[in-house]
């Protein structure tokens, strides 16, 4: 073969690749903005796979004028995508779904839609801490709030003739856990401590249920160090006594431990505590009960711990702020409230109980009104400021304290020092 | 490298080399170099989310270098890098040489198996290693238990966790680098081995005098590629330990990720990247020099 | 070709056998995990107590087939383009001395030292300028300009003896002809390794497709699986995604193995013996 032919071959090969690239490019949608800037486009980013159908059926039906585009993004990559969109130019979504924990840092940037006008007058319809925002604005309300409960396999306890007393304190639960340990030869647990960041958040749930917080509502460091150390001491003591199962619900092995009745009780929110439990261990239907978050001592007020939640927020710089407002407020309409109840369980809007049916009996929990009971416990005021740094600092200190390298007091001092340097 | 440059100018037109490298640079300049330059630029600015960037000189570098966490992350990364390379390089050379000596069909099967780990999605890797490393029900601890050892807290002990990550990393990339080295071996003509054998060279001598020198360019490639990857370790740690326990597996890129996308401080993230890049370049040049001087000796 | 004494062969066999077993074990675990009902996933036993193909059915029920096609298309085009440009440039850097050679090569290599997380925002900005967001080109073009692959191929080309080229030049061959008819056939194993590197890199790419392609129909496998997995943490799933993840991973390994075999047969294992008379 001659040289010219070969060269032609290579050139046409390169050209073919280039042509294929261009073809792939033009074949994909996504740059509708050029088609005369239709303001009625509404782009919504979500991380929850249960959200898109609800949005498409519920919201899009209620507001047929909007051309709704729901974009799914893995939760771990959400803030990354958002940073790139915000700094990189004009590809901002109108609305994003955010985990409550990550919202504080974002709202502090002042780049989100101020909903004070809409949500301000409704302040009394939400518990303290549910309405969140930055710079004195209200940017969102928390959905599926992370009210914690103690989920108990009471049938497994009954096999050892153990029962949880009515209206228990944590001391009562610890006593039950000790009885269980003795009766089972140390193979069954009432407490679960996950590793890493989930472990830090578990500690936080206990801490927040006692009124503890790391930051006040103005984003200033405000830690009751004694309370923080005392709570950590409580959790480490549980571990030292051999009362704690170490693992996390995202592990495949976790649900086996529940199935085998190794885990007989654990503290969790509704999503994982009820939805995931029912899905993963359907055969234990009727065995489980919800015990609302125990008090610390007899005379105390009952208060739940918080484990996160999610929310929708609009972006200031996006094309369709009116659509974003309509969308966020739609969740408080009867259809929206029903959609919240269906996908998230708990509804943070207190008048919801009068508008939709929330006191349904759940057969999995022996007919207990789980949603109702879980939301009946007052929600703590807890502020997720600087959360990535805060969570990282807590995680490291809690790890060291569990390993016995430092005392709980030292751990808390270390956290406070790290947060103080921010 | 080995080419001699004498009388070159008469052999070909001056523009010839540029024509050869042009297509690559047509892609590299906008999409590679362009973004590197922008990233360098980013390290000199403060760029709050949603606002315009503002020049702050070396402030972000000062922030990064004074941050004890960054020091921790760099030390962790270096620690894991050294352990990783010391185990990986001899192992993958060994595997490549053994592959060459196997029957063709056997070698193909072996290659498929050892190559497969790097093709596995990280999420699935995390699942499998969670099950293998698990303290309570893990398979490895099950075996250790049978010989009366353990349970070993592979991922929950801050001394062991870095090594558990190294082991996972080696499992993932060993076959991949071994195959690249094997391809290098395939490019060494059999005549060299035959000549060496005629001279009565044993296996070790053939390796020392034929394989090693002729494979050096590819070995150099594997060393550079694997050490850059080790400096930029992130994904495996992210899914398996998330930097813990007690920050024992916090890596440099994890720090960069946190600064840029969790604390929304792009300048800080970029400055940390530049410091990391500096470390990478220095260590690569040093390694290159060392290998070259070894060559002359 | 097996050589050497019986004892030597035994030793070699033992070592390679051990490495294969240790490497294969987690793969075996993945395979049996993909065959277990999701409620038995945590079962620790070498032989699963019950076996089902349900996870594979579940995988095809998600968008996994679509994601696989996306990933495959992107990886294939990246490989083709990447090998062509890197082979030409690798030859250029290895065989010629020209002004700026060391500098240019140094700059290309140094670009590897900046981690991708620092590059993602600049890359996004650049792609927006070119109007390529939401196109495969936004992922393929940066991945095809792969500095490591250029480095690898330069190493191969620099190994060739100059005499080969001098002889051909005397016959009046042009420089491109030298590249195509002499150099390329001699570095076939290198081209195979380069192709493998590019394909794998594009197949496993996470950050670029994540940022450049914005809707779930455009997801690549790694992003799709991460999306399925991320649902676990929130307890918002009705259905455990582990089945689809394990089965999807097993399915997604197949194209890569095929790619390896093609590279292996066509390039790596195929050096024409005796081609080099140095």
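Per-chain residue numbering starts at 1, and chain names A, B and C are given in the order in which the chains are listed.
Going forward, a residue touches a chain if its C-beta (ideal position, glycine included) is under 8 Å from a C-beta of that chain, and two chains touch if they have at least 3 such contacts.
Each chain and its UniProt protein: A = Extracellular solute-binding protein; B = Sugar ABC transporter permease.
These numbers were taken from a predicted model, which means no experiment stands behind them.
The chain pair with more C-beta contacts between its two chains, of A-C and B-C, is B-C. Taking the mean of C-alpha positions as each chain's centre, the chain lying farthest from the centre of subunit C is A. Rounded to whole angstrom, the centroid-to-centroid distance between subunit A and subunit C, based on C-alpha atoms, equals 36 Å. Centroid to centroid, with C-alpha atoms defining each point, subunit B and subunit C lie 15 Å apart.
Residues of subunit A found to touch two or more other chains are 14, 80, 83, 87, 251-253, 256-257. In subunit B, 23, 127, 131, 134, 137, 257, 260-261, 266 are the positions where the chain touches two or more neighbouring chains simultaneously. The set of subunit C residues that touch two or more partner chains comprises 33, 42, 81, 84, 121, 125, 141, 226, 229, 242. On subunit A, the positions that touch subunit C within their shared complex are 3, 6-7, 10, 13-14, 17, 20-22, 24-26, 28-31, 47-50, 69, 71-77, 80-81, 83-84, 87-91, 99, 249-257, 259, 268-273, 275-276, 279-281, 310, 343-344. On subunit C, the positions that touch subunit A within their shared complex are 33, 39-43, 73, 77, 80-81, 84, 120-121, 124-125, 128, 131-137, 140-141, 173-174, 176-177, 180-181, 210-211, 213-216, 218, 223, 226-227, 229-240, 242.
Contacts from subunit B toward subunit C in the complex involve residues 1-5, 8, 11-14, 16-21, 23-28, 30-39, 42, 91, 94-95, 98-99, 101-104, 107-108, 110-125, 127-129, 131-132, 134, 137-139, 142, 171, 174-176, 179-180, 182-184, 186-187, 189-191, 203, 214, 217-218, 220-221, 224-225, 228, 231-232, 234-235, 252-253, 256-257, 260-261, 266, 269-270, 273-274, 276-278, 280-281, 284. By the touch criterion given at the top, residues 23, 47-50, 127, 130-131, 134-137, 155-158, 241-247, 257-258, 260-264, 266 of subunit B touch subunit A in their complex. Subunit C makes touch with subunit B in their complex at residues 1-4, 8, 12, 15-16, 19-20, 22-27, 29-30, 33, 42, 44, 81, 84-86, 88-89, 91-98, 101, 104, 107-119, 121-123, 125-126, 130, 141-142, 144-145, 147-148, 150-152, 155-156, 158-159, 161-162, 166, 169, 175, 179, 186-187, 189-190, 192-193, 196-197, 200, 203-204, 206, 221-222, 225-226, 228-229, 242, 245-246, 248-249, 252-253, 256-257, 260-261, 264, 267-269, 271, 273-276, 278.
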